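Following are the structures in question.
Common to both upcoming complexes is subunit A, partnered first by subunit B, then by subunit C.
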Partner chain A sequence: MPFSSRIYIRRMGFSVVAALLGTLFALPLVWFFFAPFNARAELGLAIPAPFTFANFTTVFQNTFAMQALFNSLVQAFGGVVLVGAAATFAAYALSRSSIPGKSAVTYVLLLFSSVVSGSAAMVPIFLIVSAAGLIDTHLAVILVFAGGLLPTAMFILRDFIDAIPRSYEESAMVAGASPLQAFFDVALPVIRPGIVVVVVWAFVNIWGSFLIPFILLRSDSLMPASVAIYSFYSEAGTPIVTLLAAYSLIYSLPVIALYLFVNWKFGFRFFGGIKS
Partner chain B sequence: MKKFSLLSTRAGALFLAPATALVGVFVIIPFFWVIFVSFTNRTLLGRTALDPDFVGLQNYFALFNPATFFARGQFGFSLILTIQFVLLSALIGQALLGLILSWLSQTVSPSIKSFLQTTVIAAWILPEVVIGFAWFAFLDYDNGTLNMIMRGLGLPPGDWLLQQPFWVIVFFNTWRGAAFSMMLFNSAFQSIPPSYFQAADVAGATSWQKLRDIALPLIRGHVVTDLILITMWTFNVFTPFLLTNGGPSYRTELLSIYTYRIAFKDFEFGKGAAVGVVIMLINLAFALVYLRLAHKKPVEAE
Partner chain C sequence: MASVEFQNVSKSFGAFNALPDISFSIADGEFVCLLGPSGCGKTTSLRMIAGLETPTSGKVLIGGRDVTYLHPKDRQISMVFQDYALYPHMNLADNIAYPLKVRGEAEDKRHARAREVADVLKIGDLMKRLPSQISGGQQQRTSLARALVYPSQVYLFDEPLSNLDAKLRLEARGFLNHLQRDMGMTAVYVTHDQAEAMALATRIAVMDKGRIVQFAPPIEIYRRPATTFVANFVGNPPMNLVPAQAAIIDGKLQLRAEGLDVTALPVSDTIARAVGAKSITLGVRPEHLRIARPDDSNVITGELFANENMGPESLVTIERKDAGRVTARIFTDDEIRVDKTVRLSFDAEHVTLFDSTGARIPAHGE
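On to the complex of A and B.
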């Protein structure tokens, strides 16, 4: 039947276009998945022959590179703990307490957090951190990220808590629990999936970001991987490609793992609206 | 039943305190401090670092000086460059491409769909420095993947980062950010009852007709949300710095990169702060529109 065959051809056309677009998107990254395993990797695309883990061994033996990964971990961990804890408490208060003007609080926070971007506020953030004597410390990076990520984290968690029936805590309190017990023993376990989402989101943001540590840190010993990666250059100023490629892959692994975890656990749409 | 609050006002205030302190110090104070610093001649080093003078609107006059406004490496040049960058890479690039990617995903087979979604999302989730480096290799003149393909197709290779730096960052940002729009439109399309499309299929509608006459009118709200969010993000994005450093000769110096250079390379904090204020004002305009639209839809329960 000509009618159905036309539909069939159209369907085929769509599939070809989709596969082509998918390939185009993959192209800039193909190199990145081959070079780490090639002991003679250059900027050109080449199938590793032989396939080797030698580059990774070099990275693991480079104390500076490993220190930088550890620094990333310290900063991301510190930031995540602060964001997770402060956002949970604050979101619970915004959802369950009778503080006057609490919907205005959320609105104002969201407004400020979208207006005060890293690029607009780099000067005052640097000045505040330096006035506090915190330039070139892990703490500075952790605090700045916590402040920046909190409004969105609170917003997400508040939505999450609002969706939980109040009767959970109410029945606990009828049975004699104090408000604090109701929060820690009843509400917190129910909110946990929301906290996981916020924590993963904050981790990926801090782990991947460049500008804030780039501005606030000076010593090599404190640099996170995102900044340290720029020191893998030879004396002549050309990148040491083998090292860079292997290091980039190691550095990307936590992000890839977390993506797969969130995707498996919640589906990625959860993540969609909240990356900034 | 009377609703009693589960948390007293006092306990609530206590719960809010840590977040309020952090956001106050690192988000709200910077907002006012940047305005204050923009009226001074504060520098990083020297006498004016400790004891800056109040210079009134001098920094703003310097930014908007008509004699140099449009010159390369000046504020006006960066501002116009950033506007072009947003129009091309966010509004046309990310939004339109995201729409196409999402619409295609709805019709193709599951395996092609997951391949397409995976590659698009990979571009979006990998850390920005890794992406910057991967693109640097991709665009390398002698060996880069792009020129390898160009030569393979019998086309002349190009030294893209030197010859077309602006178009490089436009394509770069489109590629990097299309995933967000795609996912937003994915969930928008899924909210449309399938029976609408089935009815159109029975009537023999083409895919384009279904998109134009059924899907797009129904997801208008999502489209507006998407456009505003990606405009704000692209306007503030710093990532192209990792690919081009703002060069060659300022040709990719977006406002965010310009601020960085003025404040942290030339150490003119006062002037850098003035640029920050202009960026914030533009952000504010977009944020107000966005919050207004976002607030209108779900009427708050309490």
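On to the complex of A and C.
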């Protein structure tokens, strides 16, 4: 039948194009997993021969880079806890209370947040942090990230909480629970998937960010991995591909681990048309 | 148990006045049903008793104490929500036992008590399931169990049986009726279903557009509906209403309308006064209509519209020419000769008359 053969051809064409596109996007990923184990890795794709851990051994000897991974963890963890907790409480209040003009507040904050964490505000941020005497501390980085990420986090969470019926907490309160009890016993467990999304999103943001820690920190002992990655560039500014590849893989592991953990523990849920 | 009182309570949502001005008092141990069409303010009234909504003005009293601004948790009430409001992350046992947990009851004790109530409501086998893993009717019963698991001053029910199938609904209704008799609970019960209200209530408050139209025992509401609205809302099927022209001839009331021939109703002073306005609405319940004999005097005539056999009785609906329909409930045993044209008749004592504003005219000798 001419009709069905046309469909076959169309489907085959679609599959071929999809496969080609997929391969195109997969190639850098394949490089990402092969290069670290190749002692002679270059920017071209090559299967490691011989397969070696030599690159990693060298990277582990770079104490600055190793300390930086720990610093990244401290900053990301601090920022995530602050953003997660503050956004949950703020979003809950914004969703449940009847403050006039509350949605205006959210939108204005959202608008300015892209300014705060953007490079445009770097000078005032530096001045504020410096006036507070926090230059060259983990706290400075954590606070600035929290300030920048909080509005969006609040916005995502408010959307999520708005979709949860108030009658959950209401029935808890009728049953004798105080508002705080109702929040922790009933509301919080229901909101948790939303908080998880926000936490992962904030973690990835802080983990990958370069500019803010680079400007706010001075000491090598406080720099995060996103900055330390430049210690694998030669004096001339060319990357040492072998070490860079190995370090990048280590650098990405916490994010991958977080995704896997969250996926296993909670399962991912995205909602409200917001791409996270 | 405690009494409940509303003193000139009003409630507005922004510019919308949902309840203009409501006053009533419910005695200790009464089971009051709020009956009315969708959006008339039943849930809003209930939420103000619970403390989930604050009146715009007026006072709410529970057990004689002013609780208008008291937090829900301090009111010692329980409530079944219209949307059940079961906690999705807790299994049924924890859901039902939650009020006891808040009261500091030990886990095994509260689970035992939850199981007891759940067994009565036939959900005892489901205690380990999450709310998302049970049916709508089971969810409703879980919500009911959670409200009954602890002693309360006042029980509030927002259409707690609306999602049950006919058999379960009858059972649950019987259970609530028994509970009411057993422990003399004070309850406010919201329902759309007039049969449920009739069966359960010691008094019914019929509401319309944020007002209480009539607040009386079921039998009173049935026999002496205060307005055409109440008459039209209560009864299964509701009362037939026929607008008619009235005149008093030879000391007897005559009503005339398409297909209606009423010549011999007794006249009281109030009726005489109402007849001055000429237009009167005749009300007669379907169960008081019968197939007319040739010499009957109060007759409604129309074309047969439907004849529904319901087992012991039939619903015969006729359509008056270019006018409304009239339904009669007739025992199937009575020999029904249903032709194309049907004549129905009724006795004078079963007639309810409403004046031109829709208010009931007190009957002769009342």
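By our rule, the second predicted complex is superposed on the first by the 241 of 276 C-alpha atoms of A that agree within 3 Å, B and C clash if a C-alpha of one lies under 4 Å from a C-alpha of the other, contacts with A are read in each partner's own complex, and residues count from 1 in each chain.
Everything that follows uses one rule, which is that a contact is a pair of C-beta atoms (placed from the backbone, for glycine too) under 8 Å apart; a residue touches a chain by one contact, two chains touch by 3 or more.
Since the structure is predicted, the reported quantities are computational estimates derived from the model, not experimental observations.
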item: Which superposed partner A:Val17 touches (first subunit B, second subunit C, both, neither); value: first
item: Which superposed partner A:Glu170 touches (first subunit B, second subunit C, both, neither); value: both
item: Touching partner for A:Ile125 - first (subunit B), second (subunit C), both, neither; value: first
item: Touched partner set for A:Leu139, first subunit B, second subunit C, both or neither; value: neither
item: Touching partner for A:Phe25 - first (subunit B), second (subunit C), both, neither; value: first
item: First, second, both or neither for A:Tyr251, with subunit B first and subunit C second; value: first
item: Dominant toucher of subunit A (residue count), subunit B or subunit C; value: B
item: A:Ile9 touches, of subunit B and subunit C: first, second, both or neither?; value: neither
item: Contacts on subunit A seen with subunit B and repeated with subunit C across the two complexes; value: 170, 173
item: Of subunit C, residues touching subunit A in the complex; value: 50-52, 71-73, 75-79, 81, 83, 85, 87-89, 98-99, 101-103, 146, 150, 156
item: Sites on subunit A touched by subunit B in the complex; value: 10-11, 14-15, 17-19, 21-23, 25-32, 35, 42-45, 82, 85-87, 89-90, 92-94, 96-100, 103, 105, 107, 109-128, 143-144, 146-148, 150-151, 154, 162, 166, 169-170, 173, 179-180, 182-183, 204, 207-211, 215, 226, 229-230, 239, 241, 244, 248, 251-252, 255-256, 259, 268-269, 272-273, 275-276
item: Residue numbers on subunit A that touch subunit C, as the complex places them; value: 165, 167-168, 170-178, 181, 185-186, 189-190
item: Of all residues in subunit B, those that touch subunit A in their complex; value: 3, 5-9, 11-13, 15-16, 18-20, 22-23, 25-31, 33-34, 37, 42, 100-101, 104-105, 107-109, 112-113, 115-116, 118-131, 133-138, 140, 142-146, 148-149, 175, 178, 180, 183-184, 186-187, 206-207, 232-233, 236-239, 242, 255-256, 259-260, 263-264, 269, 272-273, 276-277, 279-280, 283-284, 286-288, 290-291, 295, 300-302
